[in-house]
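Next up: some structures, all given as structure tokens.
First chain A sits with chain B, and in the next complex the same chain sits with chain C.
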Partner chain A sequence: MSPDAPILKVEGLKKHFGGLKALDGVSFDIHAGEILGLAGPNGSGKTTTINAITGVFPIDGGEIHFGGNAIHRLPTFRRVRHGINRTFQVPRPFPALTVLENVMVAGTYRSERKSDPHRILEDLGLAEHADRPAKSLNSSQQKMLGLASALATSPQLLLVDEIGAGLNPEELSGMAARLRSYAAQGMAILVVEHLMDFLDRVTDRLIVMDAGNTLFTGKLQQATQDPRVIEAFLGG
Partner chain B sequence: MSLLEYAVLAGIFYGLYFALVGVGLNLIFGVMRIINLAHGDFLILGAYGAFYVFHLFGWNPLWAIPIELVVFFGLSLPLYYLLVPRLQKSGDPEMLSFILFFGLSQVIEALAVFAFGNDQRSIPASVFGGSPVTIAGQVYPASWVVSAAVGMAGITLIYLYLYHTRIGRATRAIMTERSEAVVTGISVHRVSAVAFGIGIATAALAGIFSPFMIGAIAPSLGMGITVTSFTIIVIGSLGNPLGTVLGGLLYGEALMLMQTFLTSWAEMFPYALLILVLLVKPTGLLGKAVRSA
Partner chain C sequence: MPKGWRSTTLIPVITLLAFAVLPHLYNNQFLLFNMMMYMALAQGLNIIYGYTGYLPFGYVGFFGAGAYGGALAITFLHWSPYLAVLAGGGAAVLLGMILIPLFRLSGAYFSIASLAAAEALYYVVANPGLEPLTQGPYGISLPQVYDPNGAYWTMLAILLFSLIISGVIRRSRFGLALSAIRESPLSASMSGVNVVKLRSISWLLSALIAGLAGAAFGWYISVFYPETVFGLGIGVFTIVFVLFGGIGTVLGPMIGTLILYGVYNYIGISTPEYFQLAYGLLIMILVLFLPNGLVSLARKRGLNVA
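Up next, the complex of A and B:
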């Protein structure tokens, strides 16, 4: 793979749920160190795209290449081991395990790039809760734990699903700074978000989706001027 | 020393043994959410293993422990990959597992009849030494003490596996949130297969001592032992392997107290206890809801 090649290349991704075309030929790519935003109205296919890339369900058409290798037939855990991980819109920690154990479990299978769970918890402000059961955390702490677990697998591609929802302005600023710092270290990040101000602060490029298709790709400032985006997503 | 003290101590011996009887069934349910109705049949196969180790080779049945742990763990891995992944792709794996493992139970029983015959078999308790053991002034058969000690050792090893190993941590992660476990890079089937193997191997381990604790063995006894195991794990908590210790101890105490003081009611009482627990706390004494609505 050449240094200029994208780390993730998605081509003609299709996913149907019964008669509903959730993804209808979505194509895009991300380079190492890039933060790509994914926006669009509810039901446009943003989370479905993340689920398809991570292998939560099989796709009905198209291809996904990561690091030059086709990964769309691999099970989810293999994709994680290749270096792809995600956070969830609604955090889903292991409730009976402690915060530290949650991160340790996630880091268990990354033998090539070891992560330090204590340092990750420290960086995300969860160190003082390390020995508490995950279920005792509040929702924003659980979001942080979800991010910590994803980071423990040392991802080269991080998919972040509406991590800004429910965070206060200070937490949002902290999250934006964190994502920028991860990207500066070479991590590719796909950010699904409704908060345009947050997307403006973190993303290099933006994709706007509608009805399972890519409506717009480019800078966020251009998106806000695009009549198709205004009609489908931003509102006039 | 009173009869009550005798019964209470005997209940502890039996309880530790019954915890071992149930823990494998509970581990498999906790990790895979499938109900292994063939659990008692694997236990009976383990008992036959001990029987033949003693009668064919003249060895102490304790030699059956390492042999059976390796053999049953090894054989259960292909069985897992043959049955469980397909089962879990179905709409209702829990219900389907009832049917599938009931079928497996019948197959094992039929093969056991074919291989071992229908006659009841036993091993003399004197293999553990002729002298009974005196504890707190009470005299107990040595086989009870050995069975309880092996039961405690088995439960301790399962605790160490679950709480002090990487694969155990992954196992607990799957038990609490299977879908999240997949996306953290855990190979759910590999970890589940190990848990399945441990569950079957502990059933066989308990089987080695069943001729001393449950009575003479026969192929037809498997389903009854499965029901007993269910009683134990439901009392403790379904899906929580370590809750099985509480279930086993309560079951053992109930059985011994009834056998001592109300002999004719002894067989019924543990099941009455099960019904009471289900009515008062349906998730078991230590349990939380394990099924999603």
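Up next, the complex of A and C:
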């Protein structure tokens, strides 16, 4: 693999649910250290893209290469151990386990890149809640815990699903700074987001999806002027 | 020793002392034997249900497979009863492997399918056509190895084994990963947990314990019929003892068995059919109102329960 090859290469991704084409041939790349934005109206296939990359369900067409290897037939835990992780749009912690245990589950794997659960909790401002059951956290804390669990597997590719929704302006800037610092350390990040303003703070490269297709790929500034993008957001 | 591990060690030690001394104080050895048996079964069921959340209504199938596996090893291979108990464990593990595809089912479907599997095995074993092998409905008799004391100590060893496995799981990363599977299989795999493998390991451990216990039981009573070892009563009792005491802990199933099997023997022996009814109802009430059992009440009061 050449040094400037993308770490993730998605080609012609297809996924249908019954008659609904949730993904209809989606392609894009991400390089190490890069943040790529993924926007699009509700139901356009953003979460489905993340689910397909993390192996939540089998895909119906296309290929996914990570670090030069085809991964689209691997089970989720193998993809995670290869260095991919994500957050969920609606957090899915282990409710009865403590915050620390939630992160420790993930910390068990990827022995070659061990993470420190305590440090992760410290960094994300959850250290004081370490011994509380995850279900007792409020929703923005649960989002942070979701991020903590993902980080605990030391991902080289992180997929974040609308992590900005429901955060207050201060938390939003903190999150933007955090994502930029992960990227600065070499992590590739796909940021699925509704909030253009938040995307603007973390990246200048953007994909816009609509109805399972990529409408637009390019600079964020151009996206906001592209008539098809405007149509999808306003007309959708 | 960290605090958690101390109680994890204490439970097997106290159990060993109690069941080593009790036969000298109390002359109903069969009751003590059954108490140990249910405690072991409760730990075994706890490993699969308490940690991964799958409740096999047909758990007794492993017990029956163990009883017959052990008996066949004695009858046809002329193995010593101690080796035959291991063979019984092996038979249950084999059955467990065959049943692994049941995990594709979720929740209640899994529970009922495991019950159907146990019933199917019962009908196979009890089939008169298999008389040359299993004696069919006429039952097994093992006079050549009759030795209640030997079987008693073997059951104690099985109980200790089940307590140690259960305690180690509770304190280990393996146990943490199993609890994660119970809470959310999808999030567990997103944490890098090999859900299929870990669930299968805990399933087979759970089967192993029931198989060993079944074989030791067959040896102890030395004459039994298919319905003795595949009877739903054993399965219902085990489930109710685990639910009552508290899943996902080592102590819960012990306390549940001690209390409910104690009560059963104190007033229930004369009217066993009412007890199966009562305990069936108790399962429903527990699942609805006290899903984490007695020890969860203690935990709510701030006690750290092993």
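Just so it is clear, the second predicted complex is superposed on the first by the 232 of 236 C-alpha atoms of A that agree within 3 Å, B and C clash if a C-alpha of one lies under 4 Å from a C-alpha of the other, contacts with A are read in each partner's own complex, and residues count from 1 in each chain.
Following the convention adopted for this analysis, contacts are C-beta pairs under 8 Å (C-beta built on N, C-alpha and C of every residue); 3 or more make two chains touch, one makes a residue touch a chain.
Because the structure is a prediction, the values reported are computed rather than measured.
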After aligning the two structures on chain A, examine chain B and chain C and state clash or fit. clash
Just to be sure I read the superposition right, which of the two partners does A:F17 touch: chain B = first, chain C = second, or both, or neither? neither
Should A:V56 be classified as contacting the first partner (chain B), the second (chain C), both, or neither? both
After superposition on the shared chain, which partner residues are touched by A:E101: those of chain B (first), chain C (second), both, or neither? both
Who does A:N85 touch here: chain B (first), chain C (second), both, or neither? both
Considering only touches as defined above, state whether A:S149 meets chain B (first), chain C (second), both or neither. both
Please report the chain A residues shared by its interface with chain B and its interface with chain C. 54, 56, 75-77, 80-81, 85-86, 88, 92-97, 101, 104-106, 108-110, 149, 152-153
Over in the complex, which chain B residues touch chain A? Could you list them? 166, 169-170, 172-173, 175-177, 179-188
Can you tell me which positions in chain A touch chain C when the two form their complex? 54, 56, 75-77, 80-81, 85-86, 88, 92-97, 101, 104-106, 108-110, 149-150, 152-153
Okay, in this complex, where on chain C does chain A touch? 173, 176-177, 179-180, 183-184, 186-196
Residues of chain A that touch chain B when the two form their complex: 54, 56, 75-77, 80-81, 85-86, 88, 92-97, 101-102, 104-106, 108-110, 149, 152-153
